[in-house]
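Notes follow the structure.
Lettered A, B, C and D in written order, each chain numbered from 1.
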Amino acid sequence: MKALWSGIFKRDLALAFRQRSELAQPLMFLLMVVTLFPLGVGPGPATLQKIGPGVIWIAAILSSLLAMDRMFRDDFWDGSMEQYLLSGQSVWAISAVKVLVHWLVSFVPLLILSPLLALFLNLTVQMYTALMLTLLLGTPLLSLVGAIAVGLTVGLQRGGVLLALLLIPVFIPLLIFATSAVDAAALQLPYRAHLAIIGAMLLAAMAAAPMAIAYALKVSQN
Amino acid sequence: MQFDSWQAFWHMGGYAFYVWASFGVTFLAMGLIVLNSMMTHKKLLKEVAQEAARQQRIATAKQATKQNLTGEEV
Amino acid sequence: MWKWLHPYAKPERAYQLCSTLQPYFFWPAVLCILVGSVWGLAFAPQDYQQGDSFRIIYIHVPSAILSMSTYVAMAVAALVGIVWQWRTAFMAMIAMAPVGAVVTFIALFTGAAWGKPMWGTWWVWDARLTSELILLFLYLGVMSLYGAFEDKQQAGKAAGVMALVGVVNVPIIHYSVEWWNTLHQGATISKFDKPSIAPEMLWPLLIALLGFALFIAAVTVMRMKNEIIRREYHRPWVKEMVQSAKETNHAV
Amino acid sequence: MAGLTAHTLTCVKRDRVLFADLSFTLPAGSLTYLRGPNGAGKTSLLRLLTGLSLPDQGEILFNDAPIAECLPQFHASLTYIGHKPGLNSALSAIENLQYWCAQHSIGFSLDTAYKVLTILGLVGLEDIPIRMLSAGQQRRVALARLWLKSADVWILDEPFTALDVNGIKLLETHMRSHVEQGGTVITTSHQALSEVAGPVTLLDLEYRI
């Protein structure tokens, strides 16, 4: 436990803090993509409100794909990964901690940024609440499932586009449930069921993903 | 036979294009993947044969140098 | 209980098995598909609503059903490979991917061609078509991941993990898309107890379904043979086999 | 002390057989020098020995038990230094070593770390980011692990790369004292080991086509 805490958690946080600009870039990308939509489809408040939740979620998925491979890439190429695997700690626990740090440093800032996005796209308060809740439940799922694909592609020289190809279809159900939760909120309908489904997917991923990530990392070492 | 004539059959009640396009594309796609698998099989067999020939050449070359060396010693 | 299966985990035995099975899959597949198509096209009665356009059902429904099941079969092979570390299981998995993708493509194309006369447009974001499209993406993802690795051993394992991630998602995708769009015609075949289509229409459909399944199996064993040779070409038995094949060819 | 035994190892990489039916023992208190031309599979063999990758056939025994069954114990008494240094370029030498020790559950004190870095001739470079260091200096930081962790088995892949004459001598001396205390060392190197390293067992790999 202590090994994971001070060897991985603190290390990754310190590293993330040191590479702040790299972390800020996907967020800037997100902000810019969201800005493009009013310019592209017209600034009518009703239109924006209609497409808003979808736009925010799609932008969040795309921007997360850009930064996803940070999770293991450096560690793989500089050999730190080999040392993790030989540290005597279980690989799934290491992966789980790394995913947690990744979520903290790349999605928590997004959550903080989300009121601004909601303002840009003219979302109502109810819609924003729903959006916030779906982001809170959905983004850890992005990190967990994304980490499996990152683990698989980390050894490839040009894995970037491939990563997106692998992950986008897998994220579609999340997108559907999350945006329809916000849509339901817009119509003043209950959306607890949507949240429950996203929560169930998150729990399933929490149970299964660390094993899959560990396996993927071992495969990439071969 | 549900159709009165061959003409009616080909006409497919006005849906000829969609029906025949569907069946055509299906059989084409199926044929292509079978063809592709067969071509790959042939290519692989050829490659294996080439590889075997290469091994043979290397073995003969090694044999030759060995014989040369022993020949000099004698 | 499963001991008898183990010899087939050896590539050499697996290759022989594939060679034996290939004709038994291929020719019945051709026969069934021909019978199903001819029966469906010429002898099955017309649908009173959709006229003759419904005859596309004889390829659309089998391909739609089997595109999903092929993906599941692929994931089962991947699971076997990962859990029992059978190399041949990964080979079987990767042999299924292209044929699965082709069948998915067929389902998509025929769905669109059926949709045009029915809905008046080639593409509708209907639940079945949408989930077929996503399924095609999943197939392509597995195939491109496999292709990206130079070491095919590693590639098989990586693609296997991705197939498993995908198969967990297939039902979620299916139901989420269905729920997202309820404009859909409802599956007609699984309602055996209260058939919504006449038996004269159903029989050719079942024959075509069997034909498609056999076709997928036939292409899978063909491609699996290729995969085995590709990975085992340095083993003596492959060389011997090629040699003897050549000799018989010369004899002919 | 411990020994490492390889039993009929076969390794296939990219569909090429690197070696087949390879058996050998690395007894306690021995230094083994693994030789072979490029592409013979030296790195692959060392990675098999660490348990990072799995052999196609055969097994590796640590204290007569297959390593797959005693992985935590085995890894607790193993130090592996690979081709890649395993240092994050944005962190300093001290930070890298500190986190590494934490991961491997080794007690860490700043004093010891500074002392080890002094032995390795890195005075004044302890807390600047690794990317500012030269290749040889980075290699020395990576090698500091051999001083920090008291492991029985050392598996070293080209540890002398980029080291200067003094660095090589320093490492060879350290290897010798480790062997004299009953440790096991296996290493690859492009140049032959000097007599500083003490008695050496040779293990040769051939390039197979």
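Everything below uses one rule, namely that contacts are C-beta pairs under 8 Å (C-beta built on N, C-alpha and C of every residue); 3 or more make two chains touch, one makes a residue touch a chain.
Chain identities (UniProt): A = Heme exporter protein B; B = Heme exporter protein D; C = Heme exporter protein C; D = Heme exporter protein A.
Computed from a prediction, not measured in an experiment: that's the story for all the values here.
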Looking at Cα centroids only, farthest away from chain A (Heme exporter protein B) lies chain B
When the centre of a chain is set as the mean of its C-alpha atoms, what distance in Å lies between chain A (Heme exporter protein B) and chain D (Heme exporter protein A)? 37
Quick check: how many Å separate the C-alpha centres of chain A (Heme exporter protein B) and chain C (Heme exporter protein C)? 33
Distance from the CA centroid of chain B (Heme exporter protein D) to that of chain C (Heme exporter protein C), rounded to the nearest Å? 19
Distance from the CA centroid of chain B (Heme exporter protein D) to that of chain D (Heme exporter protein A), rounded to the nearest Å? 47
Residue numbers in chain C (Heme exporter protein C) touching 2 or more other chains? 151, 153, 230, 233-234
Among the residues of chain A (Heme exporter protein B), which ones contact at least 2 other chains? 222
How would one label the connectivity among the chains shown: line, ring, star, complete, or other? other
Every chain pair in contact, whichever chains are involved: A-C, A-D, B-C, C-D
Which stretch or stretches of chain D (Heme exporter protein A) touch chain C (Heme exporter protein C) in the complex? 12-17
In their complex, what parts of chain D (Heme exporter protein A) are in touch with chain A (Heme exporter protein B)? 47, 50-54, 71-72, 75-76, 78, 80, 82-91, 95, 99-105
Could you please specify the touching residues of chain C (Heme exporter protein C) with respect to chain A (Heme exporter protein B) in the complex? 82, 134, 137-138, 140-141, 144-145, 148-149, 151, 153-154, 157-158, 161-162, 164-166, 168-169, 172-173, 176-177, 179-180
Chain B (Heme exporter protein D)-touching residues of chain C (Heme exporter protein C), taken from the complex the two chains share: 33, 37, 41-46, 51-53, 55-56, 59-60, 63, 98-99, 102, 105-106, 109-110, 113-114, 116-117, 215, 218-219, 222-223, 225-226, 229-230, 233-234, 238-239, 242-243, 245-246
Touching residues (chain side chain A (Heme exporter protein B), partner chain D (Heme exporter protein A)) in the complex: 2-3, 6-8, 10-11, 14-15, 18-19, 74-75, 77-80, 82-89, 221-222
